[in-house]
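Next come two complexes, and both contain subunit A; in the first it sits with subunit B, in the second with subunit C.
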Partner chain A sequence: MSADLRVAGRTTAGPQRASRTRRAWRTVWRSPLAGRLTFPIVCLIVWLLAIKVVTTIWPFAVDVLPTPWQVFGFMFDEIMGKTVAPHNMYETFAISLQRLGIGMVIALIIGTIIGIAMGLSKAVNAFFNDWVVAILAMPNLAWALFCSLAFGFGDIGPTIVVVLTGVPFVIINVREGVRNTPTDLFDMARAFGVPRQRVIRQVLIPSLLPFLFAAARYSFALGWKGLVVAEVFGGQDGAGWTIKFWYDAHRAYGVVGYALLFVIFALVFEKLMFDQLSKRLFKWRPAIDAADVVEARFDAQTKAAPQPPTAPSAPDHPRSNDHG
Partner chain B sequence: MAEITVQNLHKDFGLGADKVVALENVNLSISGKAFVSVVGASGCGKSTLLNILSGIETPTSGNVSITQEGRPAHAGYVFQAARLLPWRTVMDNMLFVQQDRSKETRERCQHYLEMVQLGDRGDKFPGQLSGGMQQRVGIARAFSTEPDVLFMDEPFSHLDAITARTLRKELNTIWAETGTTVVFVTHDVGEAVELSNRILVFAKGGRLADDIDVTLPFPRDVADTKVAVTKAEVFKTFEDIGALAIS
Partner chain C sequence: MATTLETARPTPPRRPSEEDVVRAAKRKDRITTWGWRLAGYAFFLGIWELASGRLMDENLLPGPSTVFRTFGELWATGEVPGAFATTLSRIAIGFSIAFIVGVGVGILMQNRFLNGFFRDAVTIGVTTPGLIWALLTAIIFGNRPAGPIIAIVLTTFAIITVNVSEGIKSLPKDLIDMAKSFDVGVVRRNREIVLPHLAPFIFTGVRFGFSIAWKVTVLTEVFSSSKGIGFEMRTATQLFRLDEFLTWILAFYVLALVLDKVVLETLERRFFAWRGELKS
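Moving on to the complex of A and B:
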């Protein structure tokens, strides 16, 4: 498709050989990769400018505000495993990840059970609905403080915060999944006399899977944040606790650097785990990169390029009800 | 070849003032290598009859028995939409409705996919096929269970005219080869005349208004005068009994 468009674009552009370099530039500039690479550069410039502006207004700040070089130096040391904190970066993230993992599994189990019950029964839905919204509205900080008071310092408090952060998302998603179960497919299975076990395994569970997956993704992203806050108050180790360690040591570059490491770790984890899992689980979906398709169509329209004769058409597409 | 007997069949939807009569006192019997079309205007209970026959819905009162040489008959179903599992490949969709996954079963599924000219698409997902191809998979799936009786609910109404015509020809060929008893619901009289050897006309209120035998030889060409004449006769019957009246 994109190759077709490029050919069409060239024919409409006419004989402008001089602008070839300009067009090459435009291609580079418009590519998503260029967009991605430009963003950190812009961030860096804003950062340096901000230090400049703040220190001219308030000269003392020069000791507090970390420069990019301090932060990157710190991050490099951490990545190399050199640290003055009790645990190095890898141990710290392993501790946090373990809490997150256990919390998420518990949230998924509880949320799925309650979500299915809420989707199936109006009474159960009425019973839980307000509480789900209330838990959803509760700030992580409140959970973190409460759990550190209730469970002291250790693994339990932060893990429970992860559960409480994730559970409403799982409940809401699973409930919607149950409400959207494909009844026409159940009817089909019944008409063919397909055994119940097989219907559950091949119809019900796959139809719930996209909803569960979305729930897991949300509770991962939000559970991380809740976990860090909980570790600040109720942990003796872990990512949140280590950020606080650098805060107590008055090392601003440590706080910023560790937060950045944390973000990078979450992004890499998300990419490696959820993206791969999504590709495997949902390969039956016709268009995964829906955004790319929209962009291509938009470009095609603005260029007003003539439709190439080889454009795919769908003669079998449902169109009319009558017949000859 | 199955025996279908329907006695004093009633079906209501809703209660009290909202009560709608979908089928009223329907009696019929179908047997042998029959291709029976059920025609009528929208809302005359055609699909309800089919759903009751196939066991998707239960009747309010009356008896339905579908047997094959004394034992309960084994049924297949083709729906208006293909109703394929989008997360399973075409071949897995075929296997979903089978008794087992043995080598013979797989070969049989492949055989019926080839019959609808989709032998090379077994590893595709339904989303990768056009609407007409999906419907063909639905037809192959129904035949692959080698049913004694096959229920079809307006299977071509969502398709464009040319695809529908091709599929009708394919259906006629497969039916001639397999000899399955087919109950075919349609709102299209032309389609009914082209495919069936018996047409049941339903009127508003779920009444069985007429029962017409069509004795023309197969395959029938819609352009053929005899087919056109029969079609006109069926339409005439429709007008006579008021089945076409739209309230």
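Moving on to the complex of A and C:
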């Protein structure tokens, strides 16, 4: 309504002024796509300018910032499978993914068991709660350094780091899920004398599924970050080790190129795997919107969790996240 | 306490009112909760302490008592306050910049063009592991103080922005429309409608941002610094002194938790005292 008024006012004031260029400018200014396309261009310009600035400030540091062409050349070589590093890109990511997968499965199993117990019993909740929060708030650098010293180089250390970063998230999400299960369904099950095992299998688990799914999503995103750090200190191969390889060789273009590969990897996983999976998994739900609502609300709760257990979870807590 | 004394004197404790029953039940509940909680502490600390000598080598897994002793020793050397001050000042500077950038970008994202422009930047900032920024800034800046600060800004601003833009999605549109139709200026509109609405979102962003900022700072210091907590941790691990390493990280961890839970939470409560119904 107000827009109409304003348009009317403007046209009466100067009908001729809304010239074509101006209208074009306004369409550009209103379109998110144009902004999205401008972003890489601006990034490139800033990058080139930064190289200029760095080389003028520290004349000795010529190869400190790689040029975009170097980086893209490097990435192209990596994607083609040509590399100086001991493993090419695909092997490297496969090794890391394997560790991530094993760690996540262990984290999901342990986390689900403890989470269900914490959701069902107040005593168990009191027993574990502070420690879950403590492990959640621990930087994965600490786990990484510790595991690299305690377990040596190899697969065990990084996998344990993935488990340790993932478990508290799974626990908190599953507990939240148990608390959110429809209690009337339980009441009805009890009234009709349904055996406990069947209740767990047919009521509890289906209602937990979205929470578990979101837990998997988070522990994937965070476990990946933890895994990379762990591999830097306690790995012999894998993505983190390889980026450290380029860092140690002082090849900045290798570090930047690998960083971009990381971003692409994470995005591909988020979009291709988790989005598809969530569509497939929750097909049986009557409305997809409902699933979204549950996940959104539940996000807020998880994200409130790193804060104290008594944190007020206001209903309008925004969805802030570490994931993509 | 006083009520029980008073009711006990005139009549024998015949009729404990409903309120008393509820209160007693609550008290009992609290006692059992605290009991279990203490049991949890005893259990985990006990496992840690027991494992340190028996399951794993004492040098590999120093127990809690060793950590306490080492903290005393480190404190006696006088290195602790200096290292803490270095790291904390880095966090303070970097986090302030990240806050300004994050809120600024979040507010700018009201515009559709700028929304598209910054969307990918935010996604990249949120998904990229802090390790990458740590390594990059280490290569570019060496051990200059700018390195950790820029790493903090790059990792943290996106989290604050995500929260702010989430808040912007739920802006009271009718209020803004009304302000527009009454010709309220852009600045005033932002200050009096947008900012108060965004404040809780910004606060959440600050708390998550802080919890990530201190971790990234320590990580960056591990690679490229000659003082600070991260540097001390690196030295300790390179000398294979796990007791010192654990002491450093745990000490700083406790400090960060205190900052988050005590300082930020008190601030939040003070700040939102006018709302009154935050506790749900």
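Operating definition for what follows: the second predicted complex is superposed on the first by the 226 of 324 C-alpha atoms of A that agree within 3 Å, B and C clash if a C-alpha of one lies under 4 Å from a C-alpha of the other, contacts with A are read in each partner's own complex, and residues count from 1 in each chain.
Note that in this section a contact is a pair of C-beta atoms (placed from the backbone, for glycine too) under 8 Å apart; a residue touches a chain by one contact, two chains touch by 3 or more.
Every value quoted in this text rests on a predicted model; they were computed, and no experiment measured them.
Annotation for subunit A, partner touching more residues between subunit B and subunit C: C.
Using the contact criterion defined above for the overlaid structures, shared-chain residue A:247 touches subunit C, although it does not reach subunit B. When the two structures are aligned on the shared chain, A:127 is found in touch with subunit C, with no touch to subunit B. Using the contact criterion defined above for the overlaid structures, shared-chain residue A:30 touches subunit C, although it does not reach subunit B.
Of the two partner chains placed by superposition, only subunit B is touched by A:184; subunit C is not.
Comparing the two complexes, residues 314-324 of subunit A contact subunit B in one case and subunit C in the other.
Taken in their complex, subunit A has these residues touching subunit C: 1-2, 5-6, 28-40, 42, 54, 64-65, 122-124, 126-131, 137-142, 145-146, 148-150, 221, 224-225, 228-229, 232-233, 240, 243-244, 247, 250, 252, 255-256, 258-259, 262-263, 266-267, 270, 303-304, 306-308, 311-324. The part of subunit C that touches subunit A in the complex is made up of residues 29, 32-37, 39-41, 43-44, 56, 60-61, 111-121, 123-124, 126-132, 135-136, 138-140, 159, 162-163, 166-167, 170, 177, 180-181, 200-201, 204-205, 207-208, 211-212, 214-215, 218-219, 222, 233, 237, 240, 242, 245-246, 249, 253, 256-257, 260-261, 265, 278-280.
Touching subunit B in their complex are the following residues of subunit A: 184-185, 187-194, 198, 202-203, 206, 209, 282-286, 314-324. Put simply, subunit B touches subunit A in their complex at residues 54-56, 74-77, 79, 81, 83, 85-88, 96-97, 125-128, 130-133, 145, 151, 156-165, 188, 190-191, 222.
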